[in-house]
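Below, chain A partners chain B and then partners chain C, in two separate complexes.
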Partner chain A sequence: MDVIPAWFKDLYETTGLNFTVFYDPYDWHRYVDGVRMTVLLTVSTILASLLIGAVGALLQSAPSRIVRGAVNGFVVLFRNTPPLVQIFFFYFGIGAVLPAGQDQFGLRQPFIDNVEWAIIALSLFAGAFNVEIFRSGVEAVPKTTVEAAEALGYTRLKAYVYVILPLALRVCLPALNNNLVNLLKTTTLAYAIAVPETLYAVKQIWSESQNVFEMMLVLFVTYGILVGILVWIMHRWEKSLRIPGYGR
Partner chain B sequence: MAAATDPRPWTPDQPIVQLIDVHKSFGTLEVLKGVSFDVKKGEVICIIGPSGSGKSTLIRCINALVPVTSGTILVENIEVADPKLDKLALRRKVGMVFQQYNLFPHKTALQNVMMAPIHVLHQDKGEVEERARALMKKVRLTGKEDSYPGELSGGQQQRVAIARSLAMRPDIMLFDEVTAALDPETVKEVLFTIRELAEDGMTCLLVTHEMNFARDVADHIYFTDHGVIVEHGPPASFFSAPSDPRTREFLSQVL
Partner chain C sequence: MSTKNTQTSADAPLPVLLPFRIEPTRLGTPRLAPVHAVLIGAGLALLAGTAWAQADAAQLSPLDVIIKWAPLLLYGFAFNILISMIAMALGTGAGLGVGLGMLSENPLLARVCWALTQFFRNAPWLVLLFFVMFLVPFQITVFGVRIPLPDWVKATVGFSLPVMANVAEIVRGAVRSVPSTQWEAAESLAFTPRQTMWQIILPQCVKRMLPPWMNLYSLVTMATVQASIVGVSEMLTLTAQVHTAEGGRPELFAPLYGFALFCFFLYCYPIDRFTARLERRFHIR
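Our next item is the complex of A and B:
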């Protein structure tokens, strides 16, 4: 068990390359907690943004003009503004004006903390893109297929859930893939409101140990692996959705 | 107030489908210019006519896929043009089969047949599966239950589409040029299935270019041109002694 810490300690003493995270238990825990937080942010924002995308794409074809306008307004708002500004807006802007409780020392205790604000802001940001991505898939579903569902008595909502969305998903999965990879990397912006995710943890470590270069390498490798895992999962999903005799 | 919009109870001696002066325009283009006819329960009606004469629009109006501009369509006394129409109630009674089959490509043949009764009518899955397997047998596709539409020939897909529609236990079946996209050998197998349905007493409305089939199976033929019914009659007299010059010209080209 001690082989790895010993090796990295030796590496530091012989070469000066100081990977504290791999031999110092305190730094290791900070780093692992940071990765855990990144995974939490990624999983929750992926799920929430997929839901936003699916619902948004449905509402884009709603009979009500107001609803359609609202969806398009949401997309424009969140797609045309920087995600960091959005995070600041929610945390410093909205968070400050919302009512808050008090902790035992009489300090302000907001009901929505920085982690939750980061999840909300990033979900809306990625969700706006997902709406457009899902729309491209929905538009690729032949009108005649939808008509067949209608003729069988499906309502608009049921046809969307059981016929349109499953087919649209298969069309838009590659585009979705890209957006979700970007979302994973964008979770580093939560650093700016002190969410202890990977970048935040690693930055703390390098400011204490003065090992910026080494920790940068750790960062690149960490995100490289995380994105690799996400892409692998997405490809598995894509494969499992493949229909025999349909498409390629 | 509710009683006023409720349909009169329908009895089998009344027409099952009734069209009264139906007009339909797409923008400035008038496709149907006052079409009226009755269909009795168990009848097989074939609608023939040149392309663009409004045949497909006509039968699409019957299950409210296309809203009419004016006129009345009654299906078992349900007013199809009623803005408060209960579309589900109508579509339970009226099944439809399309030219391009329009199966759900992400579901197997059996799942295609089972989906609507489960999703729309919330029927018991086990009971629906039993019925779906029986229907697959009826359309001679036993063994193809687990194939996806993309793995089936056009004729096989069209027969799955017929089974899918029958799974909703409709009273009336609409067929919109269902053999037009098929190659000649597979046309036969689909027509055979429709013929069996007709012999079982299903009320069928077909838009078709299969003149021989129409002659054999139909109880009544309607010939449409430019949005009106030009001529109609039982197949024997319709094909042997057409009275309108347009019918004669059309028949001379297709027979």
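Our next item is the complex of A and C:
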């Protein structure tokens, strides 16, 4: 197990390439915690944004004009404003005026911390895109299928959950795939509100060890691998959901 | 490719699914009755009233703060737009080169360009920004002439890298979508490959490239605020400074950042609508 640290130490002594993360256990733990935080952010925002997308797409076809207008407004607003400003707006703007408790030193202790605000803001941002994607998927379901579900006595909600959404999901998976990869890349913005994710951890490491270039490489490789894993999972999912005889 | 397949299955007597196409959401123009105006007005008054009641009498209300600092904040916003335009221009130029490089007959060049595109497309924008900010020196010396590179120039270059990769993909996709008969026809008319590309294929691609290119521009504009993280004094940095200048009252955060959101929305939403209209006009996909 000591081979890897020894090799990287040797690399540092011979070439000056200082990959501290691979031989310094303290840096390694910081880095791993950062990656873990990125994964946590990604998984939770993906799940929440999928839920927002599915519910939003249902509400966009709601009979009430006010509900439809509200969902459209939400989508348009979140799609056309910078995600970073959204995060700041939530974390500073809303977080500062919400009631907060106090810790034992009498300091302000908000009920929603920065990680949770990052998850909320990123979910809403990606959710707005997902609403549009799901809505397009729902529109691709033929009207006859919906009518058939109605004829079988499905309520609007049940027809949506059991008939329309499963079909819609299959047709919009490629677009969804794109958006979720984007979401993974957008989680770096949580850096701005001091969420200790990968970029934050790596930045701390390079400001202490003065090895910006090496850590930059580590960072690129990390995100490359994370995106690769996500794409692989999505392709597996796409394959397992494929409708036999449809397309290709 | 896949849309073509869905098209064929949609032509079947009982389609499983209709063709998939993302249509951007638009805000319907609400038909406002006087009742709505009264309700909205009352709501705003209530909101302003509660915000005002929290504040001291000596302090400015949030709206007054925004009006007072609007010139500075809008100056910052103009700077954002400037950065986005330069980054877009640089990125488009480079991206055109890389995109055509990907289609090159030379396998080595094609591979290098492909790797470049994949690398810059899959890295988060913020990471690329850090990459340029930290690894490019603050000044360069060319033939004994020292050229200073201020923060914002480096940030602009940092934004143009992902733009380059995305434009390369757009160019490649557009060139690929031109029917191969066009190439054959050009060849039979004795055009050289270079002439074919510049005089026949690319002019046809412009129409297809315009909507995704505008989409990308809107994304770049929204990404420019990330420059505040690396210390460029654009709108978001100025917003934080204004907040400090007004005594750092916590209830000022929401209106100030809300103002920033509003500015970007007013700039990006028309672009989004215009893109959607172009897409429909050109019958893309």
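As a convention for this text, the second predicted complex is superposed on the first by the 248 of 248 C-alpha atoms of A that agree within 3 Å, B and C clash if a C-alpha of one lies under 4 Å from a C-alpha of the other, contacts with A are read in each partner's own complex, and residues count from 1 in each chain.
By our rule, a contact is a pair of C-beta atoms (placed from the backbone, for glycine too) under 8 Å apart; a residue touches a chain by one contact, two chains touch by 3 or more.
The shown structure was predicted, so the numbers you read here are calculated from the model rather than taken from an experiment.
S.K.: Output check: A:73 vs chain B and chain C. Expected answer is one of first, second, both, neither. What do you get?
M.R.: Second partner only.
S.K.: Using the touch definition from the top, say if A:232 reaches chain B (first), chain C (second), both or neither.
M.R.: So A:232 meets neither chain B nor chain C here.
S.K.: Output check: A:170 vs chain B and chain C. Expected answer is one of first, second, both, neither. What do you get?
M.R.: Both partners, chain B and chain C.
S.K.: Applying the touch criterion given at the start, work out whether A:212 contacts chain B, chain C, both or neither, answering first, second, both or neither.
M.R.: second
S.K.: Count the residues of chain A touched by chain B and by chain C, then name the partner with the higher count.
M.R.: The partner with more contacted residues on chain A is C.
S.K.: Which of the two partners, first being chain B and second being chain C, lies in contact with A:7: first, second, both, or neither?
M.R.: neither
S.K.: Touching A:85, do we find chain B (first), chain C (second), both, or neither?
M.R.: Second partner only, chain C.
S.K.: Quick check for you: in the superposed arrangement, does A:26 touch first (chain B), second (chain C), both or neither?
M.R.: neither
S.K.: Report for A:243: first if it touches chain B alone, second if chain C alone, otherwise both or neither.
M.R.: So A:243 meets both chain B and chain C here.
S.K.: Does chain B (first) or chain C (second) touch A:158, or do both, or does neither?
M.R.: In the superposition, A:158 contacts chain B only.
S.K.: Which residues would you name on chain A as touching chain B in one complex and chain C in the other?
M.R.: 142, 144, 167, 170, 243, 246
S.K.: Name, in rising order, each residue of chain A that touches chain B in their complex.
M.R.: Interface residues on the chain A side: 142, 144-145, 147-155, 158, 162-163, 166-167, 170, 241, 243-246.
S.K.: Within their complex, state which residues of chain B touch chain A.
M.R.: Contacts found on chain B: 63, 65, 87-88, 91-92, 94-96, 98, 100, 102-106, 115-116, 119-121, 147-152, 161, 164-165, 168.
S.K.: In their complex, what parts of chain C are in touch with chain A?
M.R.: 2, 5-6, 9, 14-28, 30, 119, 122-127, 130-131, 134-135, 218, 221-226, 228-229, 236, 250-251, 253-258, 260-261, 264-265, 268-269, 272
S.K.: For chain A, which residues are in contact with chain C within the complex?
M.R.: Where chain A meets chain C, its residues are 60, 69, 72-73, 75-77, 79-86, 88-89, 92-94, 96-97, 131-133, 135-137, 139-142, 144, 167, 170-172, 174-175, 181, 185-189, 191-192, 199, 203, 206, 212-213, 216, 219-220, 223-224, 227, 243, 246-248.
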